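In what follows, chain A forms one complex with chain B and a second complex with chain C.
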Partner chain A sequence: MTPLEVALIAFVLVTALATALFRDVLSAIIVFGAYSLGMAIIYTVLLAPDVAMTEAAISAGVTTILLLLTIAKTVRPSTDALFESVNVPAVLTVGAFALVFGAAVLPAIPAIGAESAPVWSNPEVTQYYLENTYAETGVQNTVAAVLAAYRGFDTFGEAVVVFGAAVAVLLVLDREVFA
Partner chain B sequence: MSAGDSYTESQVIMSTVKIVTPFVLTYGLFITFHGADAPGGGFQGGAVIGVVVLMLAFAFGIEPTREWLDNRVVTGLIAGGVLAFGAIGLASMLLGGAFLQYELLPIHHPSRYGIEGIEILGIAAIVSGTVIGLFFATAAGFTADAFAPSDERIETQRDDRPRTGRTEGEE
Partner chain C sequence: MLELLATRYAYVAFIVLLSVGLYMVIASQNLVKKVIGVNLFQTAIFLFFVASAYVEGGAVPVVPKDSAGPTEVIVSPLPHVIVLTAIVVGVALTAVGLALIVRIYTEYGTLREDVLREVRSDD
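Then we have the complex of A and B:
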């Protein structure tokens, strides 16, 4: 790992922990936005710019604004305590999960860029898209081609899910108009 | 309707948003329209375009922005996006192929512009409309008077039959 990656992972862990521990909701939302930004930079470093853009726009941007809007409309409990009081059984349970994940799952995941990774060990799948996308669809971004052409029907389903989410919010809030 | 209560006019935020907004909008349009050949696409670009309206509402107040923005625009983006996506998919079926079988479309570079079509007219429209719509719906919240009639009905029925009235009142 490069120093940049180490720093980013440390930053993400600290902000995630701070999000969980801060007593004040506004502080928690702000560090959560910082966490999302850190994740977006990690995705960029791992050469996944499409995911990074989504993380930055949706998670760091829209989600932060919607959460800020929510606390603006609700009561923000005033408190002197900086941190949430720690719930010991919850910490033990989450700690056990983290231990199992770190000890059993993490070592089984292939290293980034390793030749044993499924993405490289099945070249007939991955390489097919990398080699044939431009010839078959006329676009250079393989992610966009898989999204809109090879798996276009799935994407139509996802688009309808987003549409359904908008309709569901109107139903829950008992409104007939957005704006 | 009380979202305007939390609004404070800030010269710093207004000036920043005035300067930044054109660039954010341009960047959102670039991600959307250039998504086929570069990282990005309709989803990311649509989200960035939607955020432009959120920034304006943050700087200049939610209620003025709500009045400026017609509900038909938001609804049209969300519903029109689904319709455009579906229409492009069904067009190739009408021409005797499968759903979204672009090469049957009677246009120049059908696959290329078919993908651009669903990314721009479909996904970007749906996502930007939904981001804007979620923001204004959350800002409006639900008001007590919108729920008052049904609340009263539940209350009355619960008085009549204390154990089961609530469930029936909600039906």
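Then we have the complex of A and C:
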């Protein structure tokens, strides 16, 4: 656990709490964009550059634009209070959830980066992809190779989901064309 | 105890972020903030996957061109692939949810859950 990791984790926790507590929706959206960017940097530190790029482009970019479009089309409630009042029963429920879940999960899983990490409990699977990706697909980036070659049909299914979502949005908004 | 938290810092962050997302879904009266809460919940799970793929002293999952296979330790690419798919599906779901919110606003003129409940019970 390096100082950089500590700072990044602290940054995402603070921005997440600010997102939850800001009363003004526009402020919450902007802070959530900063949160997504912090997450993208954490993914980079954890050696997942593909995930980081997607998070920065899609979560910090597209999701923020969608949220801003929504409040542009609806309403941004005007308010004097900076923070929302805290809902005590909800905090207690969620806090109990976090404590029970944390007490059950944290001792049960190996430390981050340990040889016994969850993914390495069955190393043959991961090793197969690492050893054969270039020979079988001609792609050096294993993430891209699994996404587009080994699991190409799954990615096609994902494209169908996105198409279905676009159709659903047009239906819900009662429009035949994008405008 | 402290060592347990320090060696599993990303999992601790995962649980806290999961709880904050859950709190937003339960307690926020504004529908847009509920959708932000779902997104926050989702990114917490992505953090769990990415942290579980990480290996100390590893390299990014890009393999050399020779056919002998990688000689160094490389983080597992498989959870990364799952997360990439989930991010794209998540933004599609967010778009549908926000479209429903815009439609609710044009029908009822409010984004607040409590007001919406009152208006609906008057119908």
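In this section, the second predicted complex is superposed on the first by the 176 of 179 C-alpha atoms of A that agree within 3 Å, B and C clash if a C-alpha of one lies under 4 Å from a C-alpha of the other, contacts with A are read in each partner's own complex, and residues count from 1 in each chain.
Please note the rule applied: contacts are C-beta pairs under 8 Å (C-beta built on N, C-alpha and C of every residue); 3 or more make two chains touch, one makes a residue touch a chain.
Source: prediction; values computed, not measured.
Asker: Quick check on the chain A-based superposition: chain B and chain C, clash or fit?
Answerer: Taken together on chain A, chain C would fit alongside chain B, as the superposition shows.
Asker: In the superposed arrangement, does A:160 touch chain B (first), chain C (second), both or neither?
Answerer: Touch partner of A:160: chain B, not chain C.
Asker: In the overlay, answer first, second, both or neither for which of chain B and chain C A:149 touches.
Answerer: In the superposition, A:149 touches chain B alone.
Asker: For A:137, select first, second, both or neither according to whether it touches chain B, chain C, the two together, or no partner.
Answerer: In the superposition, A:137 contacts chain B only.
Asker: Classify the contacts of A:62 with the two partner chains as first (chain B alone), second (chain C alone), both, or neither.
Answerer: both
Asker: Using the superposition described at the top, determine whether chain B or chain C touches more residues of chain A.
Answerer: Larger number of chain A residues touched: C.
Asker: With both complexes overlaid on chain A, does A:41 touch chain B (first), chain C (second), both or neither?
Answerer: Once the two structures are laid over each other on A, A:41 reaches no partner at all.
Asker: Based on the superposed arrangement, let me know which partner A:49 touches: chain B (first), chain C (second), both, or neither?
Answerer: Both chain B and chain C are touched by A:49.
Asker: Check the residue A:129 against both partner chains and state whether it touches chain B (first), chain C (second), both, or neither.
Answerer: In the superposition, A:129 contacts chain C only.
Asker: Using only C-alpha atoms, work out how near chain B sits to chain C after the chain A superposition, in angstrom.
Answerer: When the complexes share the chain A frame, the smallest chain B-chain C C-alpha distance is 6 Å.
Asker: Which positions of chain A sit in both the chain B and the chain C interface?
Answerer: Correct list for chain A: 49-50, 54, 58, 62, 66, 69-70, 73, 140-141, 143, 147, 155, 162, 165-166, 169, 172-174.
Asker: Which of the residues in chain B end up touching chain A in this complex?
Answerer: 2-3, 6, 31, 35-41, 43-44, 47-48, 50-51, 54, 58, 66, 69-71, 73-75, 78-79, 81-82, 85-86, 89, 99-100, 102, 109, 111-112, 114-115, 118-119, 122-123, 126-127, 129-142, 146-147
Asker: In their complex, what parts of chain A are in touch with chain B?
Answerer: Residue list for chain A touching chain B: 49-50, 52-54, 57-58, 61-62, 65-66, 69-70, 72-73, 136-141, 143-145, 147-149, 152-153, 155-156, 159-160, 162-163, 165-166, 169-170, 172-175, 177-179.
Asker: Sort out for me which residues of chain A touch chain C in the complex.
Answerer: 1, 5-6, 9, 12-13, 16-17, 19-20, 25, 28-29, 32, 35-36, 39, 42-43, 46-51, 54-55, 58-59, 62-63, 66-67, 69-71, 73-75, 77, 84, 86-87, 90-91, 93-95, 97-98, 101-102, 105-107, 109, 111-115, 117-120, 125-126, 129-135, 140-143, 146-147, 151, 154-155, 158, 161-162, 164-166, 168-169, 172-174
Asker: Would you mind writing out the residues of chain C in touch with chain A in their complex?
Answerer: 4-13, 15-24, 26-28, 30, 32-33, 35-37, 39-40, 43, 46-47, 50-65, 67, 69-70, 74-81, 83-85, 87-96, 98-103, 105, 111-112
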